[in-house]
Structures are given as structure tokens and as C-alpha cells.
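Labels run A, B, C and D following the written order; every chain starts at residue 1.
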Amino acid sequence: MAAKLKTAVLGATGYSGLELARLLSRHARVAAPLLLRRNTETHAAESPAEMFPHIAGNGHAPVEPFSWTRLQQDGVELLFLATPHAVSRGLVPEAISRGLRVVDLSGAWRLKQEQHRAVYGFKDADAPTAAQLTERAVYGLPELHGDRIPAAALVANPGCYATSVILALAPLLSADLVDCDRGIISDSKSGVSGAGKEPTARTHFVSVADNFSAYSVFGHRHTGEILEQLELSAHQLIFTPHLLPIPRGILSTIYVYLKRKMAAAEIESCFRDFYQGKRWVRVFPASSLPQITFSLHTNYCDLGFCLADDGRRLVLVSCLDNLLKGAAGQAVQNMNLMYGWKEEEGLE
Amino acid sequence: MAAKLKTAVLGATGYSGLELARLLSRHARVAAPLLLRRNTETHAAESPAEMFPHIAGNGHAPVEPFSWTRLQQDGVELLFLATPHAVSRGLVPEAISRGLRVVDLSGAWRLKQEQHRAVYGFKDADAPTAAQLTERAVYGLPELHGDRIPAAALVANPGCYATSVILALAPLLSADLVDCDRGIISDSKSGVSGAGKEPTARTHFVSVADNFSAYSVFGHRHTGEILEQLELSAHQLIFTPHLLPIPRGILSTIYVYLKRKMAAAEIESCFRDFYQGKRWVRVFPASSLPQITFSLHTNYCDLGFCLADDGRRLVLVSCLDNLLKGAAGQAVQNMNLMYGWKEEEGLE
Amino acid sequence: MAAKLKTAVLGATGYSGLELARLLSRHARVAAPLLLRRNTETHAAESPAEMFPHIAGNGHAPVEPFSWTRLQQDGVELLFLATPHAVSRGLVPEAISRGLRVVDLSGAWRLKQEQHRAVYGFKDADAPTAAQLTERAVYGLPELHGDRIPAAALVANPGCYATSVILALAPLLSADLVDCDRGIISDSKSGVSGAGKEPTARTHFVSVADNFSAYSVFGHRHTGEILEQLELSAHQLIFTPHLLPIPRGILSTIYVYLKRKMAAAEIESCFRDFYQGKRWVRVFPASSLPQITFSLHTNYCDLGFCLADDGRRLVLVSCLDNLLKGAAGQAVQNMNLMYGWKEEEGLE
Amino acid sequence: MAAKLKTAVLGATGYSGLELARLLSRHARVAAPLLLRRNTETHAAESPAEMFPHIAGNGHAPVEPFSWTRLQQDGVELLFLATPHAVSRGLVPEAISRGLRVVDLSGAWRLKQEQHRAVYGFKDADAPTAAQLTERAVYGLPELHGDRIPAAALVANPGCYATSVILALAPLLSADLVDCDRGIISDSKSGVSGAGKEPTARTHFVSVADNFSAYSVFGHRHTGEILEQLELSAHQLIFTPHLLPIPRGILSTIYVYLKRKMAAAEIESCFRDFYQGKRWVRVFPASSLPQITFSLHTNYCDLGFCLADDGRRLVLVSCLDNLLKGAAGQAVQNMNLMYGWKEEEGLE
């Protein structure tokens, strides 16, 4: 067997980072990953073993402070960044210049268009490297860009909401079936791990339990990704995120009007054809809808739909686990493509 | 002080019935309500005191089997029906002929149009009384029909989802601000008590917890109420219910396109003007959205909105407690109007 | 009617403080309470209306910064402290010296014995006032000290866990029925609001949901209260708190060995006699156990028990709402006694 | 590689049966299991694929009606029974006589002593086969009976609560460290899947959410298993189950008094020595306690403890996933031992 790939995870104490560490440590083609934290992290002393004494002694490495030297010592080839976007924006140019390949789980490198990037407030207008890297970065949605990921040096792992919306709409839009100007609506709902590990008034158990709420209406950062990937104009999409009182999982209910009257079987075929051979998308039969629990703890994105009697109004439902297909699982899927392995390795 | 009103609640062991019994027993103008169950109810032996030993000895009457004689003995004037719609459809004609006034919490008498009633499958084509009563029944949404409820013999208490959607849309539609033909979408989410007390695979804790799902897409019974009350055509509305992993509460996220470009302040004024003097609707400031917990255990319907930069795309959020403003609370509000009392009596 | 009592709540933005503000604002004998926050509070700008826009305009006063002058201006007679114990320890001496009566919801004044007080780390050995006040403070458990509360200047409102345990054990201990030296165990479980409003890693939704855990084993602060009130030695009691994935509510399962073989009816009589005429304790019939939801949103402490066939081993179950009978409700109950009103005023 | 083992799961639509089907279908040494249902099952038409459309087409076999012929056709060697105890009691004699080996997940064959078996109400006094099989059945707790399981024809898979309690107490009892006559108390808490898939008033989401309750005090069926396995008398143990508002997971808080004063390090050594080389028990460091989420979706039983200052009073905490180490996972662990494979195969 070939030598195992050397990887590192920076940000290994966050939800996505931990999940990624778990997946990598079980991956047959990957050596035990180097787990790193930023020096500035508030809970600098934390390691998974300190936080979770039960995993101490079960082969989990401690989480060490980040340094380029440490990466070099370990011979790391592939760096996963599970860090805030500003941190990723800062680190990636040097990582690439040092010859590392990078899968970045933040929003730092996902957007090509300045208008969408504005929401992140990057101050790199005068940073030619950043501009060049933005061009070279590949949006890591394997079902759409499976041809470009293998050769990518920098993969921008998609947002969790964006994955659920893009995968639901891509087949119909690519077949030019949707009346986009009439408006597409994605009413999306996410579990709390999507809000990150930082304790805030908003993530306090008492704020979330027995509750449900919309947030960031007309202003969520993932909107730009969806627009760019689906080649939509801003006025054609409303994307509304909501906070569900569950730890993980996303369900997007998406409303589109079709250009012509269609039969349910046609819609189903459109989806099945588009995702033919795609291991991590499950298309449900017409009128049979996925639920969040169906995809929890898996790397699947589940897609279903209901078509109105008029054959024009269509409701799509898209579900995934925000920490797997919406983050760490998709990152591993991208790694598999980058190294020529089967898409499902380490994910089953 | 005037003599207290004599009331009875048939179906006092269901979620809405229990809540109603609780509200009536604290209402200053109402005598202790007669609590009744249908003879055919599965758990015929149950009384609140048997089910909940803690309330025995706290003044709660037992739940007795229903009979017209029993109502007569007690001198009941107002009958609340918290029964399945088929039961209500059967009992109301006789109740009215006996001179009782009725507030029916089921869907039996809410719909005027045959096309919408079809979903309930009533077999009363040859029942002239039923047809006449359907005409005479008043849809018990006090904010819309406060003028007709006082004189009504039969009040059809609105559905919980329908209340949340109608109250959110009525101000804009009545001011003719909405481009209805472009399509109105209500993506609605409800807690589990809305599904009733019957234990089913769907209401099992393990099915609901950590989960979220859409159901009855393009086919929920409340759709007809919304269409009739808002005078919309079927093709103008998509109403999609979802099941939230919480015991109670509804949030509807509603998407409309405005006929002309508007300012947020105009929208807010439209709502404030429409609900001026309405005790049980709270209008939130522009861009400030209600959450489910804000209205739980109250009779409020909370309304908020966000307007897109283009001044045309509008997202409304409507919240209420499905057992109060969505059922028992609204029934008491209707009773208050029927007897000339203040709308808030017994509800604060 | 007599003039309404002037009250203030310091710490009105915490869970107990908010609940207290809500209860006082509905209490017929109390003027709208003055709502205050400490100047040092992190979220100093917050007011209930800012935090919860839905209550703005519904008569809720803003939360103002604390000052003695402000209390004087308002003519406040009774001061509720919903503050950390160190803050209460600091403020009470001056409050008393200014002629105010105080109900303190913290642990600052509950303990008479130095050995139990040690856990709070008070630095007032040289503060004669504090020592005197400690002596004069009345432990505000109305079912035990209803005779001393009316004249008290300083009422130390009991801990939530302590209330659940003490009320369950007092009848049996006072009748000398328990073999204390064999050991009493209270396995207690609380909802998350008991941990306070501060967002921490421990109160993050993702940490609590789907989880359950024990904490502070052999070291919880409420242990001292239980020992003092029940006149037990430390070795006679094990008190183990656990965190439940629910917003509010406490259930204590308590294990005792009886000195002699008893019948269930005797046990039940012991409880019923002890709580005869006590409005806020409900004794369940033998073998019928309370559940947390039975007492939620009420001021009841619910008590039930099961006796083993041998007539010696006894399991007690005690439930209450930690924010009501365990905090704000009990504070109002104490106020009612202090001013000679009925125990249930403002609590039904 | 050797031919794969042929297995069947009867009761493959229940929670444990589904989990078992999932584990077996991923087990490298086991052929795709034959999934069966009893002919009398209420939802006879159900198959996992019908219930969960998302798994259709992912290689899951349909669930077929049970018949001996069907087992024979498939060449089944090992039969898993995830059926009610009365069904298991009826089927096992014939299964054994047909030369099958059996792992039974019900309580049918766990108890040797008539006094404990009484609670199940078996009517087989006159069934010599049943009596003989009861003798031959091996209690399938690998950490205790790992020597006898390899040769067993009939393995009685332990109860979920029993596993959590027995594994926590066995090391101390086997070292004779516990003052049993002073009384051992296990205050145990389980998620709702432990109550089975049948929808009942008790498992309705609205009954469980925001709630917590004790049940079957002094009368739970698992008590007998614990007593037999630990060789305790009935008066030495109180076992109190509680229902947690979570889908899965068990935590038992266990109270024991030690015969002599001990140091925490001694206790920890006692546990570590006892479980030396046992793959599926994790011993936590002194005063570091497991939580339910730590063992969810794993086959681990996690054990921790806190010792009082007096060195005599000991609190043990034991956690496991009731569907894995408490049911299906342990069944696979038993199968591994029965066929001479490593204990962890198919469970990592």
C-alpha cells in the first residue's frame, strides 16, 4: 500500500474541526492527522482529551499550537483550515507558497465576485496574491466541480446552507426549467452547531430550546455562494435561514416556478440524470420527502420534491448533516478527489 | 355582578380542550365549566384528575360523558366543541336547534366554498340544516370579523396555522399592496401539540426529537381557510407546513412581492393602522422579528417583517401559541365578543 | 384599597429577576416594580424591552442602573435582590440600615453555620454587621418558617434544589421516622435555567441537548442549606445534582430508610398532616409520582413517594419549577407573608 | 477469507432490530442479514425501505415475514431475536432444536432464579425444554462471561439498564469492597428509545419533551438481572428508572458505601484492573465523570466515580448507548465471541 497522506487540521477544537479529526483518524489512506489550534484561541489550553477525558488514551493526539515549523517537521502535505474566514484569508497565501495543498472550510475563498465578497470585509484590495488565489481557488462542491478539484491547490469547501440549496437547484437550473425571474425562495433551517462553538446569548440552551426563529434575513453570507454557483442575480433569490432547536442538521424548503407545465416523473428524471453516479446525493421518489434525521451522521445530501397539480409550482426539500456534507464530510470528499481516491473512502 | 355564564367543553381531554378548561375555570365571568367527553372516546375512563393526579382536589371537575340532558340540567348556554370535525358536523345542528350558542374549534364550519370543504369529505349534501348553518357560521377571527361575532350563534374557531397566516397577510392584502399573481408563499412550522394527542408513529418522541420535516405539501386542510379569508385563488398561494421538535408554538415565514416599491416605514404603518386597538396582535418594529418563545403561553399573535433593499421583496414572520391564539385562547376571545365583554378578559 | 407596595428588583435581566418582574407587575397589591441592573453588568445596555422587543409598549418599565438615590426617589420599601451572592453580601447591610426590607434570592444570607458558609468564601469575619445580619436573616421557606417571615427585615430566599429536597424530607424527619445514619441520598435533576443566563461552554445548546450529566458531586453549595434546615450531619446526606436537557424544572429522587416498618397510608398521612393548609405543596397519593411538567409555570412543590414491600425503603419524588417555587415565586410568597397578605396572592 | 456467516434478525423493524441490521450489514465477516418480522406485527407491511425511503436502493433488503423454511433456505446459522420476551420464549426451543445458535435481545432467557422470572409471567412450568434452556443460556455480558459465550448455543443479551448497573458495580463487588447491607442505590435515567417503538401516551412527544419522571419504582424487570449477576439480595438494592427527554442514552448514578476507608486511587485501580484488556469499557480518572453524549453512537460503557472526603461514600456514574452497548452493539460483541473473532469487529 502507498504511504499514507500527511494532513493537519487547524482549528481542531471547533465542531467542524473535531468532526474532521474524527473522520481523518479513521481514513485508511491518511496518517493520524496533526491537530492544531491557533495561538490566539481563547481556550488555548484545551485539547480534545482535556475537553473529553473519555477519548484520552484512545489514540487521539493532543491539539498543539500552530506553527509552520511544526507542519514542516511532520511533513504535512494537505492542510485543512477549520478557522474563521479572516484567519484563512491570512494563512492560505503562505501555505500555498510553501507548497501545501489546502482545503479551507471557511468562506474566505469561495467567492469570485467582489460584490458578494464585500460581506466578508476582506482588506486585500492591494494584495495581488490574494486576488490571484481567489481566481485559482476551486469551489469544493464535488457534484458540480468534480473535474476541477483533482488538480486544485486550494479548495474552498462550501457553506453548509449553500450546499443544501445549490444541490437542490442545480439540476433544474442547468436544464433551464426554472422561471428565475418569478423568484426562487429558499426557506432554510439549521441546527445550532451551525452557529459555532462560541457560547453566546443566542446559543444558550434556554434561548434555543422550545424556540424557533428566523435570522439574517436578506443578509446571510451564504447568499453570495448560492448566487455565484447557480449564476443567479440577487433579485432572483430570497434565502432565509432559521435556527432549529436541534444540535445538527439542515433542511431547506425551496420554492420555484417552472417555465412550462411538467410531470412529476420528468422532474424526478431530471434529478436522477444529473446525480447519476454521484455517491453522496440521494434522490427521493416524487412526493416522498427527506427528513433531517435521515441524513444525520452521514455524508448524504437528500433531495425530494412535491409538484403542484398545475405542474408549475414546485417545492423542493433538501437535507444534510451540516457537520458532514455541510463541512467536514465534504472536506474529506474533496480530499479523496484531490488524491485520486474513491469519493466515499473514509465516509461510509 | 351579573350571573356567571354557563359553559361546557366537549372534548376536554385533548390538548385544546384541556387548555380551554383551564382558561374558563379562571375566567371571572364564567361559571366552572362542565367538562365532557364523547362516549366513544378511546380513553373513556380518563378525567383530567385521573390523568393528572396533581390537579385532583384543586377544584377541577371530573370529565363526564356527553349527553344533551346533562347540558340541559346544567343550564349550559355556550357549548365549546374541541372535537374532530366529523363530530362537530354531527352535533352542531341539534345544539343550535336547542338554543345553544356554539364555538367550534374544529374545521367543520369554517369554509363557505364547496371546493375547499371537499377536503373534509362531509356527507351532508342532502342536509339542508348543515347547508344553512354553514352560511350562518361566522369565522371566528376577531381581528377580521369582530363586528359579526357578537351576534353569532355559531362561531367557527380558525385553524392554528390559518390564524398565523391570515393575520400576517390581511393588512397588506386589504391595502392592495401585494402582487398576488406572482405568488405568495407561507412556509409554516408548528410544534407537535398541533398534531393532536393521539399517539402515532409520527408523534413518537423518537420520531420528532432531533428531527424536522415538511408534510402535507400542497394538501393541508388549512389552505382553504386562508384562501377564503384572504380572497385568494388557489394558484396564488403555496402553504407548506413543517413539524418542529417542540411541544407548542407556530412560526410562519411568509414571502410576498409588493406591487410597488415601498419603504419599511410604510409597511410598518400599514400593520399598525390595521391592528390599531386590537389587543392580541403585536406589531414589531421593521427588521425586528418575533420568535416562537415570545408568544408562548400568551394569546398574542406577533408580527414582524424584513423588506429587501429593492423595496419589493418582503418577508413576514408571524408567531403564536397554537393552543392559545391558535385554539383555546381565540375561543375565549370569541366568547368575550359574543357576550359583550372586553376582548382580553380571562386571557391576561 | 390600601396604597400599593413599592418594590424594586435588582438584577432584573437574569432569569429569576425577569420572572420576578413579571409576577410583581401582575400582583394586585404591588405597584409597578422598579427594575434595576448593577452598573457593572456586562450587558449594561440591555433592558427587557431591548432584549425582547415584543414586550416594549406593553407597560414594561426599562431596566435602570442601580443607585440608592433612585430607590429613595421611588419610595421603595421592599428590595428584591436577584444578584450574585457576593453582590448581595455587599449591598444588604446598607439596605437594612436605610430601613428597607430585603428578599435576597442569592445564597448570601441563607447559612448560619460557618462550616457551610465557607463554600461561598465571604470575607466578612471582621464585619460585625454582616455577622449580625446573618443571625437575623430568616430562611424564607414559608412552609417551615411561616411564623418568622412576617416580621423579618431580611429574608434569605432558599435555593431551588434545597427547596425541593427540604420540603420532601421535612415531614418525615420532623416525625423522627428516618434512619439518618444509614444515609439519605438526594439524586436531583435540574433544567438549564438553574445554571443562570451567562453563556458558557456548559450552557451551550450543543453541550446540553441529547445529553445528561452529574456535576458538583459532594460539593454543591446547596448542600449546606439542606443540612442546616433539616439538622443533619454532613455524613448523613449525599446530594448529587444533574443537568437535564430542558429549560426549567427540578425533580429530586430521594432515598431514605425508615426506622420502623411502615404502611404507605401512614407515610401519606405524615405528609398530609405536615402540609395541611399549606397552599403551595401538593401531596400525591401513595405510589402516584409527580413529573416535572405537572408543576411547570406554577408555584407548587409536588411530592410523591413509593414504599418498598418491606415497609422500610422509601423513594420520595419532589418536583418544582426552579424559577417559581425555586426562586421568584417563592420570593413573592415570602413578600405576601411579610406584608400579611394571603400566601397565594399574585401567584395563581 | 472464510465464508461469511449467515444471520437473520427477527424483529428488524424495532429500534434495536434496525440498529442490529445496520451493524450486521457493515460487518466484514457477516453476509447481508436476512431481515424478518413476525407475522402478527401490527405494521406488517412495513419494511425499512417503506418506512425510510432514503435507504431504498442502498442495498437494504426488504423485511420479510418470518418462517422456519425461510431461515433454512437462506442457510441461516445465527438467529438474532429482537422480539418481545413472550415471542422469544416461544421460538427459541425450536430454533435450538433445529441447530441454530441464538442471540436473544429480550428478557426471556436472562434469569436463572424463579423468583426473578416471575415478573415475566412465563407459563412454562411444564415445559422441560424451556427449563433446560434456561439453565444452558449464557448471560451475554462479555466483560463478565467472556469465557462461556464462545461455546454458547443460546446467549441472553442483557438489558440496557442492567448492563449499565452491573458493569459499574462488578469490580467493587468482586473485590468485596462494598457494604451491601447498608444498601446500594442505582438512580438510572434512560432516553425514550428504551421504551420501544410502539406509540403510546407515554412516548408521545408532548408527554416527554420538557419533562422528566421516575417510573416502575421497586418494580422494574431489569432488577432481577442485576441481583442475579451481582449475587445481591433484593433488600440490598434499590433500582429506580427515569425517563429522559432524549432519544437515546443511559446514565446510572449509583451510590455505595465502602466497607473500609479507601483512597480514590485505589478505587480507580480496582476498576482499571478489572477491565484490563476489555475493549468496550472505558474507565475515567477519579472525579472525572462520563456524560451521555460521550458514549452515544459507540459500543462503550463509560465508568467514572467521585469519592467523598470520608473515603467511604462513593458515587459511581455509568453511561452507555442503550441501542448499542445496551442492545444491538452488545449482541454483535457476543456474536464476535461466539465465532472466535475480535470483540471489536464491526463495532468501530
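As a convention for this text, contacts are C-beta pairs under 8 Å (C-beta built on N, C-alpha and C of every residue); 3 or more make two chains touch, one makes a residue touch a chain.
Everything numeric here is computed off the predicted structure, so don't read it as measured data.
Enquirer: Measuring centre to centre, with centres taken as mean CA positions, what chain is farthest from chain B?
Expert: With centres defined by C-alpha atoms, farthest from chain B sits D.
Enquirer: In terms of residue numbering, is the interface formed by chain C and chain D classified as same (over half shared) or different (under half shared)?
Expert: same
Enquirer: Using Cα averages as centroids, what's the distance between chain A and chain C in whole Å?
Expert: Using C-alpha averages as centres, the distance is 46 Å.
Enquirer: Roughly how far is chain A from chain B, centre to centre by C-alpha average, rounded to an integer in Å?
Expert: 40
Enquirer: Taking each chain's centre as the mean position of its Cα atoms, how many Å separate chain B from chain D?
Expert: Measuring from centre to centre gives 46 Å for this pair.
Enquirer: Two-or-more-chain contact residues of chain B, please, as numbers and ranges.
Expert: Chain B, residues with two or more chain partners: 209-210, 245-247.
Enquirer: Residue numbers of chain B touching chain A in their complex, please.
Expert: 182-183, 185, 187, 189, 209-215, 217-218, 235, 238, 240, 242, 244-247, 249, 251, 253, 255, 257, 287, 289, 291-293, 296, 306, 308-310, 313, 315, 317
Enquirer: Please name which positions on chain A make contact with chain C in the complex.
Expert: It comes out as residues 15, 43, 192-193, 197, 199-201, 203-210, 245-248.
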